[in-house]
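Note that subunit A is present in both complexes that follow, paired respectively with subunit B and with subunit C.
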Partner chain A sequence: MSDDAIRDAPPRRRLSLGGASGQIGLLAIVIGFWVVFSSLAPGFLSTFNLFNLGRSLAVDIVIGFSQMVVLATGGMNLAVGSIGVCAVMFTGFLLQDLGLPIPAAMALALVLGTLLGWLNGMAIVKTGVNSFIITLASASLYLGAMLILTKAVPYSELPAAVGAFGRLKIGTFLSPLLVIAIVIGAALFVLYRFSTLGRQILAAGANPRAAAMSGVPVDRVIVFSHGLSGFLAACAGLMLVARLGAAVPSVGGEEWLLPSFLGPVLGGTLLSGGVVAVVGTMIGAALVTTIRSGLLVLQIGNFWLQLFLGLILLFAVFVDRYRSVYAERRSTRQR
Partner chain B sequence: MLRRLLLVEWSGLLAAIVLGSIALTFLAPNFLTEFNIYVMLRSFCVALLVGFAQMVTLGVGQMNISVGALGGLVAISLGGMLEVLGFPLVLAVPLAILIGALGGLINGVLTVRTGINGFIITLATASAFTGINLGITESIPFYNMPATLVAFGEQRFYAFPYLLIAPLIVAAVLGVFFARTVPGRQLLAFGGNPTAARLSGISSERVIVLAHVLSGTLAAIAAVLAVAQLGSAQPTIGTDWLLLSFAAPIIGGAALTGGYISVLGTMFAVVLIALIENGMVLAKVDPYWVQFLLGALILTAVWLNRWRAVRTGTD
Partner chain C sequence: MTNAFVRALACGTVLAGIAVAGAASASDNKIALIPGGPHPYFAPWEQAAADAAKDFGIATVDFKVPTDWKLALQTELLESLAAQGYNAFGIFPADPVGINSTVAELASAGIPSAALAGCTQDPSDVSFCLGTDVYNSAYLGTKALIEAMGGKGNIVHLAGLLVDPNTTLRVKAVETAVAETNGAVTLLQTVADTDAQEAADQKINALLGAQKDEIDGMIATGYIPSVVASKSLRTLGDKRIKFIGIDDDPIVLEAIKDGFVAGTMAQNPYGQGYIGAYVMDLMASGGCTVKDDAPWVKTPQTAKFIDSGTLVINQANLDTYKDDLKKITADIQGKFKDTYLNCQ
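And now, the complex of A and B:
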């Protein structure tokens, strides 16, 4: 699947070879787009654009991670956007209305995100109903509750330090948000590759029954993954608050749905569970952000963006599909 | 007796509808007025077809995330054909529905040919359809719709809107299709147990493609009705269909795993949703409550279905 695709099955060497090429291929596509965009529009490589690109990339990466950790268990989380926007508005409420210090507000928002994700996980495990339908319903529930409580009024008078952090630059154009996203990625990589819990999650995702029989607490692992997903969605929400310098109720929601799947699926995370690609998700998110930013700089406008993203997702899943068919054929021939 | 009632998946729904109507009659004096019933029935039309569009894919064990996106594309195609190209209504409406069927065909063929999860395929095509919609219209609606179409969307016979004719016909056709025709039975058989269906000679490719084509067609009919109802072809038609499309069949008792659907149950579910929305308006409650309640309703329905399955021993 990919060189970091952390798989469950032992034959890692042979399969990861085909996978690494997939991820390198994805990286090559991203670089290709960079070459095209920067030659067509010199503004693409300006420090201003690179800085903005890095900031949105950071958010896209974390949104992708939020979906990825649930995909690992073979489920999905359609409530990613709703949890994100709940965390956004909760932060705004804590900072503006209650006047809490920034670290406390952020911590509480992360707790809220984790709690909402945990609730999803509990509902899935307790009812035994498909995660799709539970998170579809809870997405509407969370979003509705947020809108009822906030009346969809943005919090725009946040402490200046919040927006200032979003505008902060390390060196000429590197946003600290991107650094945070990469740190989260590293932590997830360690979780899935080196920790018992991470291995248990992947085992439960690949084959729940086999995992349960070998002593993996499948239910607990699923609840944990949903909690983690909620935490990461809240992280992405906080990043958006920093980027916008305000808590706006229109971010998140259904808008995150497509990007949340694009990153992991492009990167080689399997929908059927059991395989995650942390680095792949980051490159996948980079592809999405690059195209979005490039179309913006080329002034093609947002209208066609949706079409491009859809076609790219289709293209990516086809390539992935035929790669696995090809790999299968080659391995049978070798036998 | 209780056991038999419990077995009927829409029994609870019917009870909820009756109780809700009685409560609204007492609480809101203008609930039972002719005009209010007309308004409710009118909002019921599009919602029912949207629910049906998802129901047919659920029946075969698939899902169609692109229901709303396809609806939006069909709506603006219809608007464009009528306003910009000047097509007559009798040509534009069938063509618009054909576009919907074609979109469904694309979904189905892609799903079958690649063997990729229908969720991802339709998520991707949804984005593509929306992209085409926005790219063509740049978010500007077509306002000049023919008077016949607008009249069809507005006129009524006492409390009965003419618009309601279409969904009632579709519901009857779907009911017969799934209960009495070979392709309909094959579709459900495949949804219930793909392996068994394949072994008994049902082509899995054909039923999946058929379900997606039907889904696209139904979404297209919903879009045409939405244009008639609004009196203009808005590019935003369909943006809020996703949740509704799943809510209606699932509250109506459809199994997410495929193989079991209920046309009548879906209808009752949409009635209940329309009732709730109407109640919210009459009670002048924040419209955001609808979103919240719809989510709660789905969770309740899912939980009730589980409970019923355990109680009646059909699990």
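And now, the complex of A and C:
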């Protein structure tokens, strides 16, 4: 299948961007939780909580995107947290030690994130080893290199404007970080929905062999997706730098793994590849953030939180499995 | 035994006296003591919170633990508690720099915070830091180890998390104490990231398995490696290797009693929680602020540090060290208001 064939395919036969009905159902669940939490705990709707919830959500959404773009190819990126913390510490180094202007430092940190992701992609396509193994190794490699180079010393004297941006409010409680996350989401939606490259990525994820036979440069789109994943992980890292007003080595790492999978998988992105759900990832992240915040505000024992997050992940995996089987049956019927 | 009883009674009387005086200023404050994550070191904070609420008539003093040792989880917990109306916090920062933005936001909302057991990195909006002087504790511990070794030999430092700035301070303290021996003592190795059960088991047992005969002494500056090394030395039946641990886990104390461990550096977690809740209550009521010209101790992390007390536990004071810590707690608390606060 050529590029034109993908572009010209009728809308119903196009590779999926995630089921809208599932996302509406997910949104209804999120709204349900909001109603429950706000009625049981008045503090849940306080501007203080809404502002903080929005900031956490912004970071979770971008972390989810970082994983989603690789899931689209049928792979995974276990190094999102390591790339994120590398970008965080690199930003601190550029701002504090080299004294670069904020935009230049942030741009270079994004370049570093992209480069680290690109290295993952290159290693995967050149060796043919599963992305699970490559990114598991690179997660330790990147984190270890960061610790060796920085000696785990945080950068706490960044320009005041960095922290001020993280504390900025649009209106009474809307964080600009959330706006950035939504803008990134819109850009990704356009990429997958309207661009040839986006559809090539989904085709390579759905069936790499068929995609290659159709002329899709599968290796190239895998490398691109990992580069994009690194870029997005660096974005999330920069958001945390703004949130904390400092660059600290204890953010990112394994901490990002769970949210990176929860958002996309709950939202409708298939672990097996070929399907992404940009809006669904945002709603999935909103569900996780809402439950986390709600349980905390309700003062349900903190250790129950882990249990709930585990149950949500399990639920997401079952839903993912159901979706895979359903998609397969529908595809068989259509043939 | 009789002396110990009398000392305990005296300390109890002092604390009760302060408590009665404090109870007169009952408050509606909601205070939370929040460690960086689950860790046995903080277990006494729960009792300290309950005792402080009872003794000083504070409406609520809760001990809330983040589910994991992660900055994001601690930040979320703080924010959610603030949303529920908690109006003062005693915090062990999960990250001494990363927590500052949250503390600043709490301060701007009129919610004071104090760093307990571990400090934030200046500049910070925490009112003060009450904790163990980690540099001094590690330095004194290493000196005690060198003395137990007869002033010469090879030692190993079992250190905590690499990403914890306190680890850097402790590493420097051990290196300084070793350097002062002018070559009589050699630091063979610093084994870091041992403050987790599995990592400590693997690293310490591998170390002892491979280099037991070359090591004359060990010092642990983390709670878990201290316990693991005590158990390993007992299992090996080795009393030749001198070991100084940290904190007063029963396993370590039993090993001191039986001669497998030379000593351990006691910290004062109960006192940190108890005094922290008392002072936060005074500050949350709006009548007290910290004095700029108080006799603060300046450390590499903060200019407003108060040492919560540290001492070496060995066979000589094994039965009496708790009384000594209670005395230290009573002493700091009794003087705190006049020494460190301006109250209307």
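Throughout what follows, the second predicted complex is superposed on the first by the 299 of 335 C-alpha atoms of A that agree within 3 Å, B and C clash if a C-alpha of one lies under 4 Å from a C-alpha of the other, contacts with A are read in each partner's own complex, and residues count from 1 in each chain.
The criterion applied here is as follows: a residue touches a chain if its C-beta (ideal position, glycine included) is under 8 Å from a C-beta of that chain, and two chains touch if they have at least 3 such contacts.
In this text, all values refer to a predicted model and were calculated from it rather than measured experimentally.
Look at where subunit B and subunit C land on subunit A after superposing the complexes, then choose clash or fit.
Aligned on subunit A, subunit B and subunit C clash with each other.
Using the superposition on chain A described above, determine whether A:306 touches subunit B (first), subunit C (second), both, or neither.
both
In the overlay, answer first, second, both or neither for which of subunit B and subunit C A:244 touches.
In the superposition, A:244 contacts subunit C only.
For A:48, decide between first (touching subunit B), second (touching subunit C), both and neither.
Only subunit C; A:48 stays clear of subunit B.
In the superposed arrangement, does A:152 touch subunit B (first), subunit C (second), both or neither?
In the superposition, A:152 contacts both subunit B and subunit C.
Counting only touches as set out at the top, which of subunit B and subunit C does A:143 meet: first, second, both, neither?
The answer is first: A:143 touches subunit B but not subunit C.
Residues of subunit A touched: more by subunit B or subunit C?
So, of the two partners, B touches more residues of subunit A.
A:317 in the overlay: touching subunit B, subunit C, both, or neither? Say first, second, both or neither.
A:317: touches subunit B, not subunit C.
Select, from 202-210, 256-264 or 310-318, the region of subunit C that bumps into subunit B once both structures are placed on the shared chain.
Looking at 202-210, 256-264 or 310-318, the stretch of subunit C that collides with subunit B is 202-210.
Identify the residues of subunit A that lie in both the subunit B contact region and the subunit C contact region.
147, 151-152, 302-303, 305-306
State the interface residues of subunit C toward subunit A in the complex, per the touch definition above.
So the residues of subunit C touching subunit A come out as 64-68, 70-72, 76-77, 79-85, 94-98, 100-101, 104-105, 109, 121, 123, 162-163, 165, 168.
In the complex of these two chains, what residues of subunit A are touching subunit B?
76, 123, 127-130, 132-134, 136-145, 147-148, 151-152, 254, 257-258, 261, 265, 271-272, 301-311, 313-314, 317-318, 321
In the complex, go through subunit B and note every residue touching subunit A.
Subunit B reaches subunit A through residues 63, 110, 114-117, 119-121, 123-132, 134-135, 138-139, 242-243, 246, 250, 256-257, 286, 288-296, 298-299, 302-303, 306.
Which part of subunit A faces subunit C closely enough to touch in the complex?
41, 43-44, 46, 48-49, 52, 56, 147, 151-156, 163, 166-167, 243-246, 248-251, 255, 292-293, 296-297, 299, 302-303, 305-306
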